[in-house]
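Each in structure tokens, the structures are laid out below.
In the two complexes that follow, chain A is the common piece, with chain B as its partner first and chain C second.
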Partner chain A sequence: MSLKRALAATTALNLCAAVVPAAAQDSSITIATVNNGDMIRMQGYTDQFTAETGIGVEWVTLEENILRQRVTTDITTRGGQFDIMTIGMYETPIWGANGWLIPLDDLSAEYDVDDLLPAMAGGLSHDGTLYAAPFYGESSMIMYRTDLMEKAGLEMPDDPTWEFVRDAAIAMTDRDNDVYGICLRGKAGWGENMAFLTAMSNAFGARWFDENWRPQLDSDAWSETLNFYLDLMEEAGPPGASSNGFNENLSLFQQGKCGMWIDATVAASFVTNPDDSAVADSVGFALAPNTGKGRNSNWLWAWALAIPAGTNQQAEAKQFIEWATSKDYIELVAENEGWANVPPGARTSLYENPDYQAVPFADMTLKSILSADPLNPTVEPVPYVGIQFAAIPEFAGIATQVGQEISAALAGRQSAEEALSKAQALTEEEMEAAGY
Partner chain B sequence: MARAVTPKQKAINTGLAWTIGLLIFFPILWTILTSFKTEAEAIASPPVFLNFSWTLENYAIVQERSDYLRFLWNSVIIAGGSTILGVIIAVPAAWSMAFVPSRRTKDILLWMLSTKMLPAVGVLYPIYLIFIQLGLLDSRIGLVVILMLINLPIIVWMLYTYFREIPGEILEAARMDGAGLREEILYVLTPMAVPGIASTVLLSFILAWNEAFWTLNLTAANAAPLTAFIASYSSPEGLFYAKLSAASTMAIAPILILGWFSQKQLVRGLTFGAVK
Partner chain C sequence: MATQQSRSAARLMMAPAVVLLLGWMLIPLTMTLWFSFRRYLPLRGGDLGWTGFDNYVRFFTSSAFWPSVQTTLILVGGVLVITVVLGILLALLLDQPMWGQGAVRVLVIAPFFVMPTVSALVWKNMFMDPVNGLFSHLWRAVGAEPVAFLSDVPLGSLIVIISWQWLPFATLILLTAVQSLDNEQMEAAEMDGASVLSRFRHLVLPHLSRAITIVILIQTIFLLSIFAEIFVTTGGAFDTRTLTYLIYQRVLESQNVGLGSAGGVYAIILANIVAIFLMRIVGKNLDR
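Let's turn to the complex of A and B:
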């Protein structure tokens, strides 16, 4: 056969392969998920699930924002590309209300649905029906350097006020040695700076909307929140904080450049891991600060597994969810990788386990989760569910724009008042357009 | 008349060209270097350039976690298929526009190009719904078609520019010698335009290889190419920069090598028609 013919034959074969999609197995499910440590770990154990049940598992792992866009497109068009989707507390009640998710109201007795932490089960339900099973949950808390706190002659209370945090941050700051008293999120985005600031504003008594859905960003409470945040970051924050998100602050903290960092509780396992963190042996934990108004600045989030209404593999998907979010799965991970690496924040029984209670950040994680109430996030009543967000479809777009205004204020391009005034105007406009 | 260039000017020009070249290449170089660091070294501040403990661990982890060859194969099929299909359609289209122009040819060319001005997300839902109806979601053939359509205006434009440089008299002579339309395009025009077609093919292949909107939004487990492979290593909650860099290096290596070996064709193709 000549070279030309061989090439032509190979090309033809390849094109045939391209035309015919790979045949899917009958007992195979496709799961869309995020690239987080716990999720990646779960992928490593799915062979065991397949061996036990005969159900194959295909993973589609994507970056969080890409995943959100991808699964939203698929579920709204009933594309049926995924049998299980990894979604959060923001999407679950909205999608559940729209009938886009299969209710998880018939889970087996062995699954012990009552063991799910009430805050998690509540945030993943709509009208009392569970629509997604929490794989891991998180709140936020203060992670601080015990050595720097001691050097400053201070002692961190378990439940500190923002005043204490400001004083401590200023005392710990040593700009000559590249040490900054506090690292907080500044990067714009509804899940970035606005997650932090919305949770912080709850402690100051602020709210996004009043009972009649009127935006409240021009309130005194929001002004107090933002001015406090901006002043604190100017006095004790790192340079360029307006572009810092979770990863940037994690990197700064691990390199010993932050005295305190208020962020997701899952970060505790990263900052105490001696392989990655230079300060692993001198990290303490405390509740996110309050202002004495009865609310702390901590949020509540869960990455959860849900079944889209368009799937043909409902039974298999439910079987997988029961396996991945079960007590047995937690035991499996603990056995192989230690208790510090099990998915946290989903089940009450985990926090009653003496082995897990020995993990240094377990107690404060639980306290943080328990102190968060998505139904009553702030001092005054609100018409929405959610602590660091309002669970309405319009929120992500609005909060991202508001986040950009606040990020600009942190970068020194405008004042707090200017940022809030623009934020109020754009929120009013969007809410009016949405028919509120 | 060519201008005389003094050795000093030549040295300055060369230095400037190298500086710009290195600046452009620096992000790629940094990605490659980061892929050989540990996660702690990847985020070190101040950053370390070459003085770190080189490791292949990230590549080992990426290999273990992902089926790289499956993603690579999908990329080859999708980029190759869309390019071949695009050229098959574009050659006759460009021929007709270059040698048998009508009053509306310029308008058609501009109209074709105007489709590139719409943000892709604007047509995501219609395309997604069409793909559901046709059963093309998560299939390589679906992506071949969509990427061909996306790159077609550019392919037609480039080939049109090339064909216009070829004297119409040659084709006329072929016609007088009895060549039909098929023979004229296949045996007269195409061989003369091989350098142009080659650079068009290369550019189309590179564009399809790097396309990261449709390839992410229309695929799931079966047809995902290397863009999805990279996206699976990015995370806003966790420091995986070294692994992400290793995945990126593995994804760009084939196209980088291809571009390196064919840079003369590529530069010639891209500057053709501009220099007269």
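Let's turn to the complex of A and C:
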């Protein structure tokens, strides 16, 4: 009896012992990523990576907000579920400062780190050390319908003012035919309407915090920004705008219902693709508008790959990052799907490539990216880094709630002044709770 | 009568289950209490030490606290009224002998088996969407301007969605109660000349009171923690932030575990207050 049991126990132990090294030897890596077009495309090419290196790749593909929560929870609890995380410009400097990411300071020579666009590398670093490699980068710009602009008898300058944009939007609006002069984000969320509004407020001379971290949402500049935005959407925006995010506006623009759309530069390849877009042959591009105060309303963002500290597959993960963000990968995609579909905004060499310069939106994308300066985002000085966000851990929570107040104002449930005073109150509370 | 030995043996054998249950309940509760007195900010380096009642004061004095309590109460109250009233009517209807009774009953109960996220998504995108939703087509068909339900009447829309989900539960419980109603009593009342309404008021309703109590109590417990429907439809915007949602925002969006835990303790207190009130109001029904 006892012999039998001992035997059973040994067998069980052996089984465990057999399983554990198998798991450790397994050289496959798990990657958390966002369900954007460029990422999905990359997954199609991972077989090639596996064939080249023998490293298996497991994907966990999630919607943007869910991804943020999953990776944030995983990194703060040292969960260790992922070997590579797809994170953005907001998370990277904060996490890098906390020592949660492995520094990418020993990348190979052929990777050519210096080829990364300085704005991107700068935004993905903390204290000069790169913590995440940009997979693609974006700014925001105006995409507009050249035919409607012509019909309205106007001509879009390369660097328009908000005044011009408002006049053009009103002139282009034709509600009877479901054509709205301007489509802007209205869905609440720090990465949704607040990304747009924060960038817009920079052009109006507003800022989130002053040098002493006092919230500035009750300032005149913010009130001017919000009133301008609400009036513009009232006069020339689509109905139900308070639930429109990037994807909703993209679909409206592709159906030909928007005269202008100010959003991410990556959208340019979607609205000029004749397979998806009914207006592909009549789209023009211009810099995001300004008010003559020296700042444009464009943001800067990168989706980047980072390695969480504590992974057992550090070498393999680094190998994958070098592969996925390399020049070779860009060429691989260009060969198979054309230059318009390569991941944009990460490398200088891409914009020097004559093949890519022939792409209609390449020039304006680069100009937008270069005109964004995350270190000096506002007219007045600020203590934070980031254009459409402030790179402090509390910002996402604060801006999501502020975004809800503004979304409610856009839905007509409260006035701009009410929204801003509530926003100011809740920001003060959160900043106090965080110990500022 | 059990002997001393068999009783202690019984206790011993029950012990694992009791310990498990206690652990199940007490460990999370204790951790919530523990965290609620800590300054715990995962993105600022984790646990930063004791902070006394700071979290409690901060949560209570926050400008979002009272509106969220109010929203919670309106939401729970609205759903309770709709499900109980419609539940009684449906139960009476389903009790009538009719062709295909079994199939109809299964259909009526079906919404309860749809996952909350799924039903919320279906309602949001297929019914309430102002451009492509079924309602917007109906509105346009009669020449009216489509309503953006989730931003114009957000709380009302949520109440409808959640009621749709919980109506089957209420109907099911009330139906079993209706079925146990003595038919002879009803016939006798009918022969004595009692009208349909007075039969309902004096026979059916008192008979159902116990079942109604149970429906209200159980639903309240679950409705106080409604989350998925809000998350999917409005994300807490447009005054639909309940206490549960506020706690979620504090813990996950603001990454402040201590503050959220303090909110959790308030939620426990609120749930108990509501429960005590409900027990007082309807409690006598359970005593009978």
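In this text, the second predicted complex is superposed on the first by the 411 of 436 C-alpha atoms of A that agree within 3 Å, B and C clash if a C-alpha of one lies under 4 Å from a C-alpha of the other, contacts with A are read in each partner's own complex, and residues count from 1 in each chain.
The criterion applied here is as follows: contacts are C-beta pairs under 8 Å (C-beta built on N, C-alpha and C of every residue); 3 or more make two chains touch, one makes a residue touch a chain.
Fair warning: this is a prediction, and the values are worked out from it, not measured in the lab.
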Review point. After lining up the shared chain so the two structures overlap, which partner does A:40 touch, if you call chain B first and chain C second: first, second, both or neither?
Key: first
Practice item. Would you sort A:32 into first (chain B), second (chain C), both or neither based on which partner it touches? Key: first
Check your understanding: Counting only touches as set out at the top, which of chain B and chain C does A:77 meet: first, second, both, neither?
Key -> both
Check your understanding: Does chain B (first) or chain C (second) touch A:254, or do both, or does neither?
Key -> first
Practice item. Mind working out whether A:63 is in touch with chain B, chain C, both or neither, as first, second, both or neither? Key: first
Practice item. Check whether A:246 is in contact with chain B, with chain C, with both or with neither, and answer first, second, both or neither. Key: first
Practice item. Go through the superposed model and pick first if A:108 touches only chain B, second if only chain C, both, or neither. Key: neither
Check your understanding: What is the shared patch of chain A, the residues that chain B and chain C both contact?
Key -> 69, 73, 77
Practice item. Over in the complex, which chain A residues touch chain C? Could you list them? Key: 69, 72-73, 76-77, 94, 98, 188-189, 239-240, 242-243, 393-394, 396-398, 400-401, 403-404, 407-408, 411, 413, 422, 425-426, 429-430, 432-434
Practice item. Could you pull out which chain C residues touch chain A in their complex? Key: 41-46, 58, 62-64, 130-131, 146, 148, 150-152, 235-239, 241, 249-250, 252-256, 259
Check your understanding: Contact residues on chain B for chain A in the complex?
Key -> 39-40, 43-45, 65, 77-78, 80-81, 124-125, 128-129, 132, 137-141, 144, 216-217, 220-224, 228, 231-240
Study note, to complete from the structure: As the complex stands, chain A meets chain B at residues 14-15, 17-19, 21-22, 24, 30, 32, 34-37, 40, 43, 58-66, 69-70, 73-74, 77-82, 191-192, 245-247, 250-252, 254-255, 257, 264, 266, 270, 275-276
